[in-house]
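In what comes next, chain A is part of two complexes: it sits with chain B in the first one and with chain C in the second one.
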Partner chain A sequence: MSGAIDTAPVHAAPGDSSHARPAWALSAPALMLFAGVLVIPLVMTVMLSFHDWGQYKGIEPVFILKNWHEIATDPYYAEMFWRTFRIALLTTLIAALFGAPEAYILNRMSGRWKSLFLLLILGPLLISVVARTLGWALLFGGNNGLMNKLLMSLGLIGSPLRFMFTETGMVVALVHVMMPFMVMSVWAALQRVDPQIENAALSLGASPLTIIRRIVLPQIMPGVLSGAIIVFSLSASAFATPAIIGGRRLKVAATLAYDEFLNTLDWPLGAAVAVLLLVALVLIVVGSNALIERRYAEVFR
Partner chain B sequence: MRTNGPLALIFHTIFVVFMLAPIVVVCLVAFTPEGYLSLPTNGFSLRWFRAIANYPEFVHAFWVSLGLGALSSFVALLFAVPSALAIARYSFRGRDAVAALFLSPLMIPHVVLGIAFLRFFTTIGIGGSFAGLLIAHVVVVFPFALRLTLAAATGMDRSVEMAAVSLGAGGWTLFRRVTLPLILPGVISGWALAFIQSFDDLTMTVFLAAPGTETLPVRMFLYVQDNIDPLVTSISASVIAITMTALILLDRFYGLDRVLAGKSDPER
Partner chain C sequence: MPFLELDRLGKQFGAQTVVDEFSLAVAKGEFISFLGPSGCGKTTTLQMIAGFLDPSCGAIRLEGRELTAVQPAKRGLGIVFQSYALFPHMTAAENVSFGLEMRRVPRAERVERVRSALTMVGLAGYEDRYPKRMSGGQQQRVALARALVIRPSVLLLDEPLSNLDAKLREEMQIELRQIQRNLGTTTVLVTHDQNEAMSLSDRIVVMSQGRIEQIGTPQETYERPASAFVARFLGRTNDFAAAIDRTVAPPRLVAGSWSAPAPAGIAGPVTITVRPERIGFADAGLAARIVTRIFQGDHWLFQCVSECGTVIVIRQNDGQPQPVEGDAVHLAWRVEDMSLRGAGAAA
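Entry: the complex of A and B
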């Protein structure tokens, strides 16, 4: 995502302090904005997770580990976080399994078709997620929803599946919401691949399967993995889709935090859930980024 | 380059159908003449689009979203343009850290941002206000405004600026007459992309909006939680149409594939 910054040409010599002052002056307004209304609120949220709360006394600004203790010991939270990450992982795997081949197919199309289908596949990214999830709710709707009718007429399933208020439905809708990120990421990796390498392999007698396995896949793998990181972190913190498809009982981290804040009003507990989600995601994202960069060091150089 | 075989094209067709199905279904159901959710089997009707007018809270939420999107994207650009110029032109200690901080709202889950802003705004006494929503939206759309402005500032031909300087232009005149017009396509695209992000945000805004400052996605979400009926499909269809219009605008000014594929440098 920071591609623009990495490629920015440097006009002044590094460490040239005479150029530092105007740069800081130009970024000062935005820096103050970020310090004032992003860093401070985040710090306050971490502090909030250590405060006490009671039905009648409200929030008490004391330092206790009550909320963290509750999350660590009550199996409800372990189950909820496990569900959150299970759904995110499944969504990521499916998105990679279908998104990567689709990006490859798109890349082999001729100019006009390529732009048309790229627009059709990436366009939904910019359409309200409520509208998109509503579409899935309509497709799922009950035992004789369109989705079940289609799957049964194709003979893929014998009896109707339950999609609404199930993890299956959440994963299907989330895959749809996340797919553009995966296609985009693999697409970007494909732009760096020289098509002549494939032709060379072909002329040397390699079968199409061998070419995909030995030539294409290793080259787009960094794109698949960075797409997977984006999809995983967005799925694990998704709110609208789990809330609409999952209903009130099937909670994930984001919908549980929402409930604590706006229904139960136990803000400190909700803050603890949110902080834990943030910390877990940061660790997973930073960790897998480091792994990928070490594994594919030559690609990123 | 080799072409796609029949298997690849079948896969591609199923994939595109999957991507478009929920959107097409919403738009079709919106035209139903019936009083319940159904595909329009006996004729198309605009009754559910006309029905929107009877729900003033949706109309009001639409105006809130529109105003909030337009204003927050504009304010974000006021902060982003100077920052983009600083990052594009100067090499200074801490440049990478500054850039990372500016892009950080992309990495933080919106549910965490919503909670953080809710706590912050209630503490300083602007909870549920439009001002609070505006501040929060400026922060989350800032990275989008910055990225496209930065791409334009990086790809800009500096020799025109140097010519202007040699002719005696400086400071504000140089910016207003030379630099800004040159980076304007990037700035406008940044505004449009930021607008779409603000207009669509639900997860953060749902924590911050109060009755009266509810945005359209929030209003729709709260409505859908209680009941799903053709009204909300006609509203969704309208939102999809508005987004399409913004997309066309973005495409005209900048090239949509570049925006979406995250390719920043126009020269590449």
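Entry: the complex of A and C
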């Protein structure tokens, strides 16, 4: 019995390797490009994070844990990372809260309206993130922001709404930027739902609310969650929006790494921040992805 | 008073009339089929009964009660969809249980009813399977159990068997019929498969372009089709142009070299319609030559060329010697096996 089990892979092996060789050969160009533009710079960044740096001596290619030690002990970095993930999490939650119903309503619209509103939602993707974020800054930025001026002249608010250099501002602007990704992800999940399924539930006596809660939501949940993963990782590593709204005062991981590289010129410290952000994101994304796949195995197939 | 009554039901999509003047009375416990080609409005009619579509005009009554004003969720009908529309995130048992939960059936009774419904459709032991891990036939049974477990007053089936292969479909037809007989649930089946309609139904509603062509038992619609459309749609037919010969007394009905005493009340030229299995080879009759002969196990199919055009003849494979290709034969049929239609037809 055990002999039979043992020999089976041996029989299979020659066939496998004869298939594997051309497969490797064919993917070699892509693999080389992948290594050239992604793996090598990444490895160099990781190595850089262990180098030394001084105001006058510049970068010294030695192996020390100075940068990592600084990040681990200085509460400034802990606060900054918490802020980064807090903003990303809030952005994700709000995007899911608005994006999922948006996609559902969109999916129920008929023909012409559907394509019009789909264009309205996806259209902003064609405009640069910088332009979109500057738009928010123009509306709410300080005393001269258009909205602030209007609201104050109407007497609705006494002092201008604080938007620039606040986490609220960053979250609002990020939600705006990230919304299309959430809508698209939920939309894709909705396309796989049988259009008759709501009628089936209706005929069994379910109320509209029950149908959404017990029939529709469980089926689009994988879409919401994969959209959440995209939005979370994009928001946590976002640069343009936090840079414009948060500026120097309210730094997140990406803007801090940028400043270390280009302003302080402390490349090793910037590398350490970037590597930490990357590792944390990879862990979070891979972890939640595995969780989702296990939880929703029957819906995913 | 009929159990389910459709009264001059109509549906328009924009300018297009999809269902027109649809009137039908269904008795309690009856099995009715809507039969017609694709796009003739079968699904639309069924969806109006279910309440997913609002009729443009007309009324639907269940036990004399107006149904059009009742919410679909409150109609208490059981529906099996063409795509089954099972809830993919629920097991077979959870799918079947859903309708009972909505009706606030106590838990113990729910479990018992789900179990017996799944047993009835032959799925005992599949309670914890997800629909994705079931075959088409099994999914179809879950859908049937889900619709029946709420003890619906009417069961609506929209081409429930069309996704199954021929053998499984036949098995499911027999099973469906047995279940329906045992429970006595009034059933409306939508299908475009005439064999399915004939083997399952008490009565068939033959539809064409949103209109009812004929309502009758399977035998009636097959043997006394009300229109050429019904005759052609329910199995194969042969049409012969015939005329009345008044030079002889009594007058005779003549098609080529075939003739018979003319029925009373016939005036001008008519079309004779005869089923292929009702035509036999005889010593006298319509002269023809056999072009192809196809063996189909329990019967032979002959294609003949006659004076009146191509004729199809089906003969039982009863062991008797049969003519071969190229043979000259005479085709004959009994007067009561043909139906007449045309300008001069009285009926």
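One rule holds in what follows: the second predicted complex is superposed on the first by the 255 of 301 C-alpha atoms of A that agree within 3 Å, B and C clash if a C-alpha of one lies under 4 Å from a C-alpha of the other, contacts with A are read in each partner's own complex, and residues count from 1 in each chain.
The criterion applied here is as follows: a residue touches a chain if its C-beta (ideal position, glycine included) is under 8 Å from a C-beta of that chain, and two chains touch if they have at least 3 such contacts.
As the structure is a computational prediction, the values presented were derived from the model and not from experiment.
Visitor: If you stack the two complexes on chain A, which partner ends up touching A:Tyr56: first (chain B), second (chain C), both, or neither?
Guide: Neither chain B nor chain C is touched by A:Tyr56.
Visitor: Once the structures are superposed on A, label A:Met109 by its partner contacts, choosing first (chain B), second (chain C), both or neither.
Guide: Once the two structures are laid over each other on A, A:Met109 reaches chain B alone.
Visitor: Quick one: is A:Pro218 in contact with chain B, with chain C, with both, or with neither? Answer first, second, both or neither.
Guide: So A:Pro218 only meets chain C here.
Visitor: So in the superposed three-chain picture, is A:Asn199 touching just chain B, just chain C, both, or none of them (first/second/both/neither)?
Guide: both
Visitor: Tell me which of chain B and chain C touches more residues of chain A.
Guide: The partner with more contacted residues on chain A is B.
Visitor: Pick one for A:Val275: touches chain B only (first), chain C only (second), both, or neither.
Guide: After superposition on chain A, A:Val275 lies in contact with chain B alone.
Visitor: Based on the superposed arrangement, let me know which partner A:Ser207 touches: chain B (first), chain C (second), both, or neither?
Guide: second
Visitor: Overlap of the chain B and chain C footprints on chain A, residue-wise?
Guide: On chain A, the residues that contact chain B in one structure and chain C in the other are 199, 202.
Visitor: Would you tell me which residues of chain B are touching chain A in their complex?
Guide: My answer: residues 1-4, 8-9, 11-12, 15-16, 18-26, 29, 37, 78-80, 82-83, 85-93, 95-96, 98-112, 115-120, 123, 135-136, 138-139, 142, 147, 150-151, 154, 158, 196, 199-200, 202-203, 206-207, 216-217, 220-221, 224-225, 228, 232-233, 236-237, 239-240, 243, 246-247, 256-257, 260-265.
Visitor: Can you name the residues of chain C that touch chain A in the complex?
Guide: Listed in rising order, the residues of chain C that touch chain A are 50-52, 72-79, 81-83, 85-89, 98-99, 102-103, 130, 132, 146-147, 150.
Visitor: Within the complex, which stretch of chain A touches chain C?
Guide: Those in contact with chain C are residues 194, 196-197, 199-207, 210, 214-215, 218-219, 296, 298-299, 301.
Visitor: What does chain A use to touch chain B in their complex?
Guide: Interface residues on chain A, with respect to chain B: 1-5, 7-16, 19-20, 22-27, 29-31, 33-34, 37-38, 40-42, 44-45, 48, 98, 101-102, 105-106, 108-109, 115, 117-139, 141, 146, 173, 176, 179-180, 184, 187-188, 191, 195, 198-199, 202, 208, 233, 236-240, 243-244, 253-254, 257-258, 261-262, 267, 270-271, 274-275, 277-278, 281-282, 285.
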